[in-house]
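Everything below concerns the one structure shown next.
Chain lettering (A, B, C and D) follows the sequence in which the chains are written, and residue indices restart at 1 in each chain.
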Amino acid sequence: MYVELKDINKSYGDFKASKSINFGVEKGKLIGLLGPSGSGKTTILRMIAGLETPDFGEIIIDGQVVNEIPASQRGIGFVFQNYALFRHMTIYENVAFGLRVKKEKKKYIDERVRELLKLVGLEGLEKRYPSQLSGGQRQRVAFARALAPNPHLLLLDEPFAAIDAKVRLELRSWLKEMIEKLGITSIFVTHDQDEAIEVADEIIITNQGRIEQMGTPLEIYQDPQTPFVASFFGQPSFLKDYQSFHSFEAIDNYTEAIVRPEFVNVTKKNEVQKYKSSASEGVVTEVSFRGDSVEVQVSVNGEKLSAKRSLELQPVTVGEKVDVFVYRMLVTEGKRVHLLENQSLHEDSVII
Amino acid sequence: MKKEERNAAITKWVLIGITILFLGIMLLLPLIVVLVQAFRGGIAAYMSAVADEYTIRALLLTLEATLCAVILNTIFGLFASFAVTKFDFKWKKILTTLIDVPVTVSPIIAGLIFILLFGRRSILYEWLKAIHIKVVFAVPGIILATIFVTFPFISRELIPIMEAQGKDEEEAAALMGANGWTIFRRITFPHIKWALLYGIVLCTARAMGEFGAVSVLSGHLRGRTNTLPLHIEILFNEFQYIPAFAVSSILVVLAIFILVVRSVLESRGKKEYES
Amino acid sequence: MKQKRVIPGFGLSIGVTLTMVSFIVLIPLACLLMNVTKLSIGEFIEIITRKRVLASFYVSLMTAFVASLINAVMGMIIAWVLVRYEFPGKKIIDGMIELPFALPTAVAGMALTYLTADEGWVGSLFARFGIHIAYTRIGIIVALVFVGIPFVVRAVQPVLEKLDPSYEEAAGVLGAKRSRIFWKVIFPEVLPTLFTGFGLAFGRCLGEYGSVVFIAGNKPYETEIAPLVVMSKLQEFDYESATAISLVMLVVAFVVLFINNMVQARNAKILNGGN
Amino acid sequence: MKKRIVGIQILLLVLLSVMLTACGASSRHKNISIVNVSYDPTREFYEEYNKLFADYWKKQTGQNVEVIQSHGGSGKQALEVSNGLEADVVTLALEYDIDAIAKEGLIRKDWKKQFKKDSAPYTSTIVFVVRKGNPKQIKDWDDLAKDGVGVITPNPKTSGGARWNYMAAWAYAMEKYGDETKAKELLKKIYSNVLVLDSGARAATTSFIENKQGDVLIAWENEAYLSIRDFPDEYEIISPSISMLAQPSVAVVDDVVDYRDTREVATAYLDYLYTEDAQKIAARNYYRPSNEKVLEKYKDVFDLSMQLKTIDDFGGWDAVYKKHFADGAIFDQIYE
């Protein structure tokens, strides 16, 4: 493990920002710290950087406990949420700052700064001031500045929050590429699930100061360990009485069932429904165009479900009676989560 | 709609009229009175009042006290605003309130507390006397009083600016290993230089004109501990109205000069901020 | 020092700050307190409830309040005119606002007295109607208005400048009249700052001495302000009374400052949403 | 880290004190200087006298003596000296103020015997200044109590000089009525006619002369003459039938002269006030010389027919202060 946190606790007054945090990060991995705002993810990042001190617990970087090592000597690059570019310095000076502080040779500084600016694609803008750049360009500067002193660990706090939607998508893949190319261990904080899934090698989900789950995006998506993680992705629907749907295993004392839109198949009466026998009848309550698909809200036995339909299919209309088939659902029982498959899927395979 | 526009125009000029009338009477007229009275006796009388030995000594003392106060308050203002805005610590609110206290303390009381602290009744008095330091009724007392009344002037200008700037930039620099001095010089200072100058100007203005506190601590020793405002009071009390107003006019000119500098600084600062 | 601080220089800056705050503010104030503790509570109450002392508190509070109120209204108008309208000479007027700051209060007091005495340029206009300004409470108010002008204007001005015009446009689109827009949309935005400016002016006016002594007339029960009673108690060698009265004034100043800070903090909270 | 902070704080302290010392240390002159803390109306007199004395001292000892003057309300000046204002000599408006300094232990208790004539080298009295032609027909103290007469006098609580004004009115009232209640009545009326109660004698004069307040100014004789000297066509002086013999007193501040080693020059400075030359300067500045010969020379300047009471007629300043000016005493009762 390159970075390791052991039983980290941190509180601000009465507010507990971190409650016994434990995790490890392998060298070269790109980790996403994901969670709603106030879940303590930024606190974790700032503690690793040394910007905050844990009340309790150890932070280990490269096999060394760094609790007592000041932030500046941890060999960390940090990209701030608003980039914290030095507004009174040119882009060149911004990137060079860390090297100048280290009293590097002038020639080396110049080479390094030009190399980095070339890397992030900002050649020719050396003499500009941060206020003269666009949001995306500023982020690149911040990135270059953080990388300049050759850090072993790169920390990014909400790196895409301050950028508009279109550029954000571009930057995401740019950043991922860049980090992969450099092979630097990186941790970034985000509250955007798509961002985490798309960019991170591994995701750590935080909630109310605790770590809920850690794993690859796929693991977390497919196999949520806690009700929170289960409900965090997508726009899930919540069912109070899931057993009104056919062919699901019964669980006693369950809390609720979580159904993601992609778990649901909605078919018109005149369309073929493979599992007709285990489908339920529902009424369309709302239809909205989502660009690449159609989102359909249906009401089944008094429960509301949301589903997606391809644009290629015949459109459904509000009030129309449709067949609703649920492939699988996540049923929570206290702090546990059960993934229930629709049993007719298995029956089917048996038949075939 | 037309009626509405006409009303708006009327309101505009009425309000402008009120403003000019009010400021004209309250601010401009006193200035004019001073100048008219100063030259009531002709240029020669004016010059002899201004070039008087005691006037010049008072002016020098005023400048000395002002300089001391401005330097110390600048040092203080920089450190205090850096501490208050860039760090979190307990009792911060109390500290900022304490810094602000001198503005609300009546100058008379400001003078009184230093008399109580360093005067003959104080235990410090004998001790100071033994090492031949005079505080009250001597120049140090005047300087102390001046420092006290202008104490928060610079930090007050700096704190809001530094607060608004946040501490991200400093943190970023610190993460890269910059030391305090480098951070201050390269990161913090460029943000506050205009506000600092502005604060210094205000501090200078107030320090030059301080009357109440200095009056309590001065002892009015002619040519020794008389500042310009005290000298004016003395002239006034000597029925020497023309010299009194003549010397006042020096302060008026200084005040106007300070206001001009202030305006220039402000517009410069604004420009910088906008760009 | 459990919490490590990222930005270096905390120790130095807080050290310098605390040292100077202690020496300039804390120790002198503590000294005043210590002098007051020489009195028993009964004696203390007896001193501060003497008729003449109470009367002076009343005069101080009343005149400061009225003056600050006038300043609040005029300050609002002036700030509005300076922010919203363009007219020749605006820059000069804007630059003049700080004059009361730059002009020594003693000079101001002298000039204002000269102007408003029954024979003065302004006083003679009013004297015809039997209104006397100098040497009455009106005179004190005039002096305090002069002293307090910059506070409200400079508090309100930036808020008005920052006020998003889309706000008013939104209200205008909704069909609101100009006056209604002002009272319903702009005024509530400015109100907290107006209050802050009022508080600052009030605090300053309470302690003002230099300009008031010239114009007040200093008649007990009529135009004698609290700082003057302190001064006269001192001249009677009555330290106990002087310090006791000073303490009351200090407490009042603290309360004003405290309320002001609370209003500001609350205001900031509302505007910035938490933190 | 801690150590560094302490170090810096010490540095700052040193800096502060160095600054204070640098500014405060009185550089040793070859020439000698003494500080004369006086009250308001003596400015012109001492300005002239200091030159005279400097010449004399130079001839006597070869030393250049610089006399630094401080003027202000007598009570305030006494307070400042008690608080540490380093005055070698005090020349104040009344014994009471010097007594106050003596009570602090700075001046020996029997200071009054140190110089001739009860340490009062010159005297004065209380008179009225009215506008030219005396439009309100003010002749004596009871005229001040008439309705519609605007009186200007400083506050006896803060001004030593004003206490003489007050006592002069009291002396008149007691002489006329012989009854304290009636005397209080008269003073109450007079003080209700007061338009401006300035904190010092000079401020009162300013209110009357420069700001044209009121019909009559109660003033010291010397002050009255000085102020009308510049405006002979606008004012005149009225001498009331009864007034006080005001005895401004002088003393050497023992504590200070011992510390500064200036006793010799300070004593000489005050002694020299009694010489004929000095007495003439006093007379020219409208102080009544204590030297009868000189007074005789200036008899057309001073109205010698006034009946002058001394403070001892009322039991001395201590008794007078307690009876009239202490908190809740007669003056306060008048103003209730």
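In the analysis below, contacts are C-beta pairs under 8 Å (C-beta built on N, C-alpha and C of every residue); 3 or more make two chains touch, one makes a residue touch a chain.
Everything numeric here is computed off the predicted structure, so don't read it as measured data.
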Completion exercise
In terms of CA centroids, furthest away from chain A sits chain D
Exercise for the section: Measure off the straight-line distance from the CA centroid of chain A to the CA centroid of chain D, and report it in whole Å. Expected result: 86
Fill in the blank from the handout: In whole angstrom, the CA-centroid distance of chain C from chain D equals 36
Handout entry: Whole-Å gap separating chain A and chain C, where each centre is the average of the chain's CA atoms
Key = 53
Fill in the blank from the handout: Touching at least 2 other chains, the residues of chain B are 72, 121, 144, 171, 174-175, 178-179, 236
Fill in the blank from the handout: So chain C residues touching two or more other chains come to 6, 12, 14, 16, 20, 114, 231, 234
Problem - Overlap residues in chain D, where contacts from two or more other chains coincide - result: 16, 82, 210
Practice task
Could you classify the connectivity of these chains, where an edge means two chains touch, as line, ring, star, complete or other?
Solution key: other
Handout entry: Those chain pairs that satisfy the touch definition
Key = A-B, A-C, B-C, B-D, C-D
Exercise for the section: Please name which positions on chain B make contact with chain C in the complex. Expected result: 4, 7-8, 11-12, 15-16, 18-20, 22-23, 25-31, 33-34, 37, 72, 75-76, 79-80, 82-84, 86-87, 89, 93, 95-109, 112-114, 116-117, 121-122, 144, 147-148, 151, 167, 170-171, 174-175, 178-181, 183-184, 202, 205-206, 208-212, 215-216, 228-230, 232-233, 236, 244-245, 248, 251-252, 254-256, 258-260, 262-263
Problem - Contact footprint of chain C on chain A as seen in their complex - result: 50-51, 53, 70-71
Fill in the blank from the handout: Note: in the complex, chain C contacts chain B through residues 5-10, 12-14, 16-18, 20-21, 24-29, 31-32, 35, 74, 77-78, 80-82, 84-85, 87, 89, 91, 93-108, 110-112, 114-115, 121-122, 142, 145-146, 149, 177-178, 203-204, 206-210, 226-227, 230-231, 234, 239, 242-243, 246, 249-250, 253-254, 256-258, 261
Exercise for the section: Using the touch rule from the top, collect the residues of chain D that touch chain C in their complex. Expected result: 1-2, 4-6, 8-9, 12-13, 16, 73, 75-76, 78-79, 82, 100, 155, 157-158, 194-199, 207, 210-213, 327, 332, 335-336
Practice task
Could you pull out which chain D residues touch chain B in their complex?
Solution key: 16-17, 19-21, 23-26, 35, 37, 40, 43-44, 68-72, 80, 82-86, 104, 200, 202-203, 205-206, 209-210, 226-227, 230, 259
